[in-house]
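These notes open a run of structures that come right after.
Presented sequentially are two complexes of chain A, the first with chain B as partner and the second with chain C.
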Partner chain A sequence: MTLRPRASIARTERRFRFGTAALPYLLIFPTLLFVTVFTLWPSLRVVYDSLFLQNQAAQTPQFAGAQNYTALFDDPAFRQVIVNTFVYVVVTVPLSVLLALVLALLLNQKIRALGLYRLAFFYPAILPMVSAATIWLFMYTPGYGLINVFVEFFHMPSQNWLGDPNLALIALMILGIWKQTGYFMIFYLAGLQGLPHDIFEAASLDGASTVQATRHLTLPLLMGTTLFVTTIAVVNAFETVDQIYIMTGGGPNNATAMLLFDLWQTLFSFLDVGKASAISVILIVVLLVFTVTNFIYTERRATYE
Partner chain B sequence: MSSFIRLPKSLVVVLALAILVLGLAACAPAATPTPSAVTLTFYYPVAVPGPITQIIDGYIAKFQQQNPNIKVNAVLSGGYPDTLTKIQTTIKGGGTPPDVAVMLSTDLYSLVDSNAIQPLDDYIKAAGGDSFTSDFYPAFLANSNYQGHIWSLPFQRSTPVLYYNKDMFQAAGLDPNKGPANFQEMVADAKKLTKTDASGNTTTWGLEISSDGIPYWLFQSFVIGGGTNVVGTAANKVTFDTPQVAQALQDFADLSTQDKVMPTGILQWANMPNDFVNGKAAMIWHSSGSLTNILKQAKFNVGVSYTVGEKGYGAPTGGGNIYMLKGIPADHQAAAWKFIQFMTSTDIQADWSINTGYIPGRKSSMDTQAMKDYIAKVPQAAVAPAGLQYAGAELAAHDNAQIQKALGDAVQAVLTGKSTPADALKTAQQQADQILSAFKD
Partner chain C sequence: MNETIKPGRSWRPSRFKPQSILNTLGLLVLAIIAIGWAIPMLWAFAVSVHPPDEPLSAANLWFGSHPTLANYAQAFEIAPFVQYYINTMIIVVGILSVQLVTISLAGYAFARFNFRGQNLLFFLILLQLMVPSSALIVPNYSTIRQLHLFDTLLAVMLPFFGSAFGTFLMRQTFKTIPRDLDDAAKMDGANWLQTLWNVYLPPARPAMIAFALSSISFHWNDFLWPLVVTNSQNSRPLTVGLAVFTQLGEIGAQWPLVTAGTVIVVGPLLLLFLIFQRQFIESFLHSGLK
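Showing the complex of A and B:
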């Protein structure tokens, strides 16, 4: 009889221990459920689908091994898509991050109508990309578009921006940088305002110039912001699709076709499920490699803060 | 504690609302009328400006009045590609497709390949066979036949035409009552119409032909006007790589590089009517469906003529046909055919043409009083239907989107100086051959 209460205590304890052990799983369960249903499962599914021929010629899926992948890399148009995407990432990411930093440094000073400037630079970020692309489509119009009026004012020849394969991608990159720089600027402004004043005071007492202080104090202290902003910029660059759809349709002659646009076209225009899955896998792998590298790099850099 | 209690309460409200909404949705189908009535679903895309929904709703009201036991549920399904994608995905996912849909006439092979549509032969036979089909323009039926069946009927069809500024023609000493008869004449006219200012900048271009979006379409005018075509009657064969097609492509490119009557690079479809009505271009090639819009905006006399190639007039057809989907119940099929017949009837086709600018699918529509009155008011509207005698089939094959892109890429590569016509067309032919090799007929 004396055992009874002890057993019940043990049971309560066990129940309690089970409760504590299960709690974290219970808490992450809703997130895990959504991640599994909407991210994990589709990712695994595209890997599976990418191994099958499933298109207009093969209405029922036929196992094809790596055929979808080899077909993609044999296709000059797809190689062009890879090059375009790479160029877009390499150009727009550093440029928008650098511009955002410069703007933030300038707008972190006490100048007149500061709010107005900040609003003006942040404004593009508020616009939906589709609206922005429509506006820029009109601005790039040959002959009477705003950009050409501007170019002609400086006695340079008017250009067919979106109709020239050498200019079309540049035109899209200008829009991309314009659209996201103000958004990144806000992160830098927030970062700048969070910096401790005493270090800068000490530096100026020691006779450091503004340039020196910016280079040796501000920039390293903003490293966390830079990494965060760069990650967003890279993901943005890979996700470029709206403006291509609105402005060029991937043309002229694939000069502006990029990964996500190509994926959309392959699936919804060509109805080629197998090849579209293969493109998805490539996109997932590229972004995964970047994210993991970035994560490791950030972890190492974390000692800075 | 109170905050912990509040959260579940709001959750309860949300859940209750969700259950209510779901419940209502579940109840909705039960509200259908008498069992003998059939409710058809009709998908239609919108590709031209104007109050399309109102016009379609008007036709459906009229149809339902004539057929009290058929109800038509018309669904605006976006653009042409959206409509095709919606239907193909529905079928792939095992869902119920609409009963009737308007899709591109060139979607025929894709639709047959994915087992999405059914032939109309039996209904057409019952409606009179050849005497029924003979009233439709043959050019518009060119993309309806496959494997010995008729799969669709013309509903909203068009063709490219040449719009020209009559006032500028007069000022340049050209006959304002007729457009150029062939490519050479068009270039000569365009040279006279091109104007430059003192500093050498062009203020008015003689000609503008767009090459974005679906570049193969207007290019086909050069090819058909040159006496050939890029596609025959086979669904698994295209002929891009021929000297005649290469010559047509050279002509297209020469307009800006040699003749200097057209701006360089890829010109945008949407900009052409603006440039024309604003006097930036004296001639443009555009869809016959843009007529209403151009006439509304132009402050000068607008002439309409035919697009041309080296040997004379020529143009592909374009636009949408009406299809009956596969796998719909038998009573739906009979009702769907009634609806298709109604929508392609002489009077509806005439009215649809007057209101949108599409060319009527039937010859008899041109003889209706409404059409005669309209042409008396807008004589330009008679040009495109009369030009159908010069029209050839629009590029259509299996895996059509890819085939059209192969030719479109070749056109753009040459127009932007990245390739020669022979090389570009050879590449396009190889791509097309490879894609089409997977199809037996």
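Showing the complex of A and C:
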């Protein structure tokens, strides 16, 4: 090592310190730039734009206060969209989470062809929703669609599933459950495999039956998984749009229009920027509570893992 | 072989408990549901090789009299599926490559530097996790228009170049790496980039792979955003391409053709999944967030 004059050391240190001071900002700059341009700024902009009338009739934006919002909630079609969305969420989320849990419990034992079962339940999760929806469009075909073949097998009348306002939303729900249950199931399977064995041995020594052990040990221990899976399910359900576009176009009679589809339609079919922005704000606000829960859970999992 | 594990006399006495009836019943239910789950895809496969000149009917619903690949040939003729595949791959690889760079840099900064505004900046980036990108299509579409990027591959990719989830994941991973290693590298005269490359990135590989698989599967399947910003086969990914294909007037309800198109889109994906099933499932588990 050669000794350097004191001044030179000081200079190097100063330069080094200056470098380190600016460096972290440079490192986060690209991420911050993209997040600002495509998330932060647009989030503010939808709120701002939602306060203006801007559509075919009003080409230059006019300040309108809450008018876009009141117009939306006064519109029976939009109220129907809200109802459809909530019905879809409230039905599909519990059903698919519950079914996922049941399937995971059934698969969590020594059975033959386990891999085959897992494959059968999980493969829909990796298909693009557009492809899954195309397949189910075919499944629901009036006449020879397999769903109708199945229904007729049980001597029930064949239905025009996607053409009947009372059935179309149910048809979409069935697709939704089919598509995502396997995805939730693997979280439960992983959760089950992580359960402590000794507790169950102790319970079994104390004479607890499988049903009792499941109810009083397995289910409470899987609460974390249930919370996690449920928030993902809710967020996904609120963002339902691909299958509506492919299968029903929101019809018949608005029976399957949901928030995100309505947002798309308001922007691109009705060219109403103000109203579309208001719908965006509504969607963001509704989802916020779930995305925040999901985030907190992810952080906790990442921290303690 | 099956005979030996049947609930027979010589087998375990525990098999006689009511639980074993429950188990058998459970297995039966499981098998029925599994078949029900598999049928849509199996049917789509079967119909995709159904001869085009034989109409589908309740009596002739599966392969038809002589399975054929004619539907596939016709599907490739009608729609530029090869181009769609190339587009999807460019989009997916393009997004991921940029993301891996941006999240490594930002994750490193947040894990190992102390700087003014650190918490605020981290929070601002994390807001991306709380505002779904699909709810921002209105302003983002107009941004893409203003940048004159409409109907380009870059338009499909651009909003996703920064990833809050990836940044968060890398920060968590980098934090587990002992600071001593970092200091030792600096003593050896390594600059920050060499340190990041040699000390931080190698142990972060599993996290990066998990992130990569979740990013790929999300953008491979994404539909709404590319639908909004593309308008020609030069930039359309597979998902939008399939939607356009099935809605072509000339195709109508020619299901053998439509299912062939669907299989063209999902076939390679399913094949990859069959080969790498375990890795797929593990990556889904690790990423959690889509």
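Here is the rule we go by: the second predicted complex is superposed on the first by the 253 of 305 C-alpha atoms of A that agree within 3 Å, B and C clash if a C-alpha of one lies under 4 Å from a C-alpha of the other, contacts with A are read in each partner's own complex, and residues count from 1 in each chain.
Throughout what follows, a residue touches a chain if its C-beta (ideal position, glycine included) is under 8 Å from a C-beta of that chain, and two chains touch if they have at least 3 such contacts.
No experiment lies behind these values; they were computed from the predicted model shown.
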item: Which of chain B and chain C A:291 touches, first, second, both or neither; value: second
item: Touching partner for A:190 - first (chain B), second (chain C), both, neither; value: second
item: Between chain B and chain C, more extensive residue contact with chain A; value: C
item: Which of chain B and chain C A:283 touches, first, second, both or neither; value: second
item: Chain B versus chain C as contact partner of A:205, first or second or both or neither; value: neither
item: Partner chain in contact with A:268 - chain B first, chain C second, else both or neither; value: both
item: Touching partner for A:117 - first (chain B), second (chain C), both, neither; value: second
item: Chain A positions touched by chain B in one structure and by chain C in the second; value: 141, 143-144, 268
item: Interfacial residue positions of chain B with respect to chain A in the complex; value: 81, 85, 88, 110, 113-115, 201, 211-213, 215, 263-268, 271, 275, 280, 398-399, 401-402, 408-409, 412-413, 415-416, 418, 435, 438-439
item: Residues of chain A defined as touching chain C within the complex; value: 20-21, 23-25, 27-28, 30-43, 45-46, 49, 103, 106-107, 109, 111, 115-132, 134-139, 141, 143-144, 146, 149, 178, 182-183, 186-187, 190, 209-210, 228, 232, 235-236, 239, 241-242, 245-246, 260, 263-264, 267-268, 273, 276-277, 280, 283-284, 287-288, 291-292, 294-295, 298-299, 301-303
item: Chain A residues touching chain B - in the complex, by the definition given at the top; value: 55-59, 77, 141-144, 158, 160, 162-165, 248-249, 251-254, 268-271
item: In the complex with chain A, residue positions of chain C that touch it; value: 19, 22-23, 26-27, 29-30, 33-35, 37-41, 43-44, 47, 56-58, 61, 101-103, 105-106, 108-110, 113, 115, 118, 121, 124-141, 143, 158-164, 167-169, 172, 192, 217, 220-221, 223-224, 227-228, 238-240, 242-243, 246, 253, 255, 258-259, 261-262, 265-266, 269-270, 273-274, 277, 280-281, 284-285, 288-290
